[in-house]
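In what comes next, chain A is part of two complexes: it sits with chain B in the first one and with chain C in the second one.
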Partner chain A sequence: MRAVLLVARHVFKDSVRDKVLYAIVAFALVLMATSFLIGQLTAGQDVKIIKDLGLAAMSLFGLFIALFIGIGLVAREIDRRSIYAVLAKPIRRHEFIVGKYLGLVATLAINLIVMTAAYYVVLAYMRWTLSPAALAGQPPATDPRLLIGVAMIGAELALVTAVALFWSTFSSSALLSAALTAGLWIAGQFGSDLRNLGQVVKSPVAAGVGRALYYLLPNFAAFDVKAQVVHGLPIGAAYIATTLLYGIAYAAMLIAAAVMIFSRRDFK
Partner chain B sequence: MDAIRIEGLTKHYSVGFWRPRRYTALDHLTLRVAEREVFGFLGPNGAGKTTTLKLLMQLMFPSEGTAEILGKPVGDVSVRRRIGYLPEHPYFYENLTAEELLSYFASLFGYHGQERAQRVSRLLDDVGLGAERRFQLRKYSKGMLQRVGLAQALINDPELVFLDEPMSGLDPIGRAQVRDLILTLRDRGVTVFFSSHILSDAEAICSRVGILAAGKLAAAGSLTEIVPFKIHGWDLVVGGAPQALLDELTGGGATVTRISDDRYRLLLSDAAAPDAIVGRVSAAGGTIVSLNPLRKTLEDFFMAQVGQTAARHFD
Partner chain C sequence: MTAAPARATIGAVVLIVTLAAAVVWLQVYRDARFHLAEPAQQVLYVRSPAMMQRLGLSFDAVLADLYWIRAIQYYGGTRLSDTAEKHYELLYPLLELATSLDPQFNVAYRFGAFFLSEPAPGGANHPELAIQLLERGIAANPTRWEYPYDAGFVFYRQADYRQAAEWFRRAADVAGAPPWLRPLAAVTLATGGDTQSSRRLWQNMLATADEDWLRRSAEHRLQQLDAIDTIQQLEAVTAEYRRRHGGPPPSWEALIRDGGLRHVPIDISGRPFVLDPDDGSVTISSDSSLWPLPTERAP
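Moving on to the complex of A and B:
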């Protein structure tokens, strides 16, 4: 466990100095700030638009971080041969993989916290500047339930990171790993469509394939509760717990598969 | 006890996508390296040196054969506490400084706090990077990365150190420093296994060598066994010698070649008496620039062995 934490701390230290990370976070913060201007253009919908755009920015730019830095977890290490010196140290391959994963999840968590803080600053400013009449009939501007949405984004990104890690354990190409991860993320947004494919196609084979893919592919759409938290609609605690458990189980399965592949891999 | 024991180590690769063929990178290598010796693992590019080192470091898994390091199978993680490894063309995390990188590696060996800081500092000074320790590695030259690589290989005071082309990317001063470092390690009782294709480096520091060609061990032994110290002639360079003396020496069997205006190289047979010839040159008003024995070098042996080894084939 000590080796896992050492690798995780190292990944965190290395990642937080990555210029790509700063560029992504800066862009996300700029987008949140500009959402304030967009809100000004739509009378009566200001706060809702800012809430929507803010959560969407966190989700999208978090995905970019998971992709651009996550693929470097292993693929870039192999590509640049920095892995040789590490694996010759007293560390087992599974400790290396798990440490890499936890390090990036920690990096993502810190970035999500920074973006959330900026998000609430913008929302607090809106509450302060807008008249009570403008806010009447809406959920509070700084609604704490928005944090449920943020937590679900965090869980989704942790799963995306596990997908990126999985691909990068058997592909030496960082670009290919990124493409495969992005592809799976897009496919995972259509979970319910795949499950209900039988209602729109007549072929039982196609319906069966759709249903099989629904169970096989990670269902990223399940983590999307942005609409509910923005409109202040209730979300069942059971749904949140089940979705989080699903994310943990799926990520654990991917990491286990990544460890199995990585443990047998030759570094040519 | 042997520091390294390799038995029939073999590695096949599959080459080609549509019609994969088996390519043998290492072919039944059997080798022993004794404790406290400096062993030079020599061979041309593509001979299988790096493959051997990767198999020993478990960066690859063998197709056949076994290997032991310090009496334990190579797969035993505990043995890695006692060894160091410098990969070929090392590359490290570019966002970290040399100090941070070494601290990370030191912590993997269980070093903490003051002990870790002192160890890192001493090693960076030893490899000549004391002043650049807080520069990010992205700003390092190839030679500087090689030095960081050497420092990380020694972070745990290893009993056995594997160096893959340690002189690569270094300038003449850097190469001399690495040679001195290897000799210092030897004096401390560390076993050094290093691969190289630069024979003069091996000849200067190795007690034993193995020559690998096309994946097979072509020869192994001590330098005195491989290259006996037998003089087969003399190389004499003189300046200002009169033409009559040069003609006389040519008549006596010497091969005379003009180097510059009044400077000549004389190749003398082993039967010639160099002392007497040096005396005659001096007496005739000439000066002696250099006098060196001609003997079989490791390079001669290497070229003969590598040339004899059949080209590697695909199955």
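Moving on to the complex of A and C:
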């Protein structure tokens, strides 16, 4: 466990030194801050649009962070040949992989916290400057239910990180790993289409394949509750718990597969 | 830094600044010299809500906001344009996309209901599209009484009081609907179309609307109804003048000299009412912000 935490801390420190990370986070913060300018074009929908833009920015830029850092987690060590030095230490291979994963998840968590703080500052500013009439008939500007959306974004990004790490353990090309991770994320948005394929195709085999893919591929769409939290609609605690458990189980499965692959790799 | 590298750095900075100035000047010159034709029509490349939902991945809500912004800018740009005939062909597709991507986008349904059914030049004059949009809203949000209420409003403005009353009754049946809806359905059926019924509808709209633009529209309509009432009073004065003098008054000054009025009547926008010397009828000026008046009759 100590070795896992050591590796995780190293990944975290490495990630926060990465300039790309700062650029992405800064861009997301600027986007949120300027979104109140966009609100001037929206005929009274300022707060809703700022909420939507903020959550979308967190999701999109978190995705970039998970993708571009995740695909290099293992591949970069192999490219730099520093993997030999790491494996020569008393760190078992599964501790290395799990530590890498937890380090990047911690990085994502910190970034999400920073972005969420900026998000609420912008929303609080909107609440302070807009008249009560302009805010009437809408959920509160600084609605705490938005945090549910942020938590689900975090869970989704943790799963994307697991996917990226999985590809990184055996793919020698960072571009290929990025493409495969992005492809799985996109495919994971079409869960309902895959599940309902039987309604639009005549072939039962095709319908069966669609349904099998729906269950096998990571269902990222299930984590998307952005519209509901912005509109202040209730989301059942059971739904949240089930989806989070699904994310944890799927990520654990991918990490286990990554460990298995990495343990069998010969770096000579 | 030694002298040679410092000179190189200064030279590079000067070159970059010069090139930047040249770039900006060329752009200004090109724009002044060659006028690019603006497209005659705006184009909506993706009209299919189902396609846009798939293209949007997990960013449906933000895309809905973008289409909403585009709908607002399109409506405003068309309404303020100099063209004599204003067509709002893209208004419904834009609102359909926004509400398909975000089925709880309340303001898009209400805005669409109002401005799709509004007669030209203020709106698209397509009440059937307004009803279509509201029916989608009702299907996605069955607990909102405002949508069947707005549908009733659309039929009321089309002078179909039976349908309007039916929709008001449906709105009254929604849990949480305000208590004044049920009597409104009854009154609409009985006396729909007169200024008193209209005034009641718009006062309710003003009292219940969450959106600024909807409240402003309701205030505007109430001002128009006040103008209709004023016109009725002025026509009573001109009728009295005709009875006493055997013909309609030739001007407002004649009425003032006759003692029927104290001054030239003006509407709330400051424009004088227009008197027709041929028959004594009164209307508002076409320059008035209240023009054109709605067609409600006297009670």
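The rule is short, and it goes like this: the second predicted complex is superposed on the first by the 267 of 268 C-alpha atoms of A that agree within 3 Å, B and C clash if a C-alpha of one lies under 4 Å from a C-alpha of the other, contacts with A are read in each partner's own complex, and residues count from 1 in each chain.
To be clear about the criterion, a contact is a pair of C-beta atoms (placed from the backbone, for glycine too) under 8 Å apart; a residue touches a chain by one contact, two chains touch by 3 or more.
Because the structure is predicted, anything quoted here is derived from the model rather than measured.
In the superposition on chain A, contact is made by A:Leu87 with chain B only, not with chain C. Of the two partner chains, chain B is the only one touched by A:Lys13; chain C is not. Of the two partner chains, neither chain B nor chain C is touched by A:Leu147. After overlaying the two complexes on the shared chain, residue contacts for A:Ile49 are found with chain C alone; chain B is out of touch. When chain A is checked against chain B and against chain C, the one touching more of its residues turns out to be C. Once the two complexes are overlaid on chain A, none of the chain A residues touched by chain B in the first is touched by chain C in the second.
Only residues 3, 6, 10, 13-14, 17-18, 80-82, 84-92, 264, 266-268 of chain A touch chain B when the two sit together in their complex. On chain A, the positions that touch chain C within their shared complex are 38, 41-45, 48-49, 52-53, 55-56, 59-60, 133-134, 136-138, 186, 189-190, 193, 220-221, 224, 226-227, 230-231, 233.
Chain C contributes residues 54, 57-62, 64-65, 68-69, 72-73, 102, 104, 106-107, 111, 210-213, 215 to its touches with chain A in the complex.
Within the complex, the chain B residues that touch chain A are 13, 54, 57-61, 77-78, 80-81, 83-87, 89-93, 95-96, 100, 104-105, 107-109, 136, 149, 152-153.
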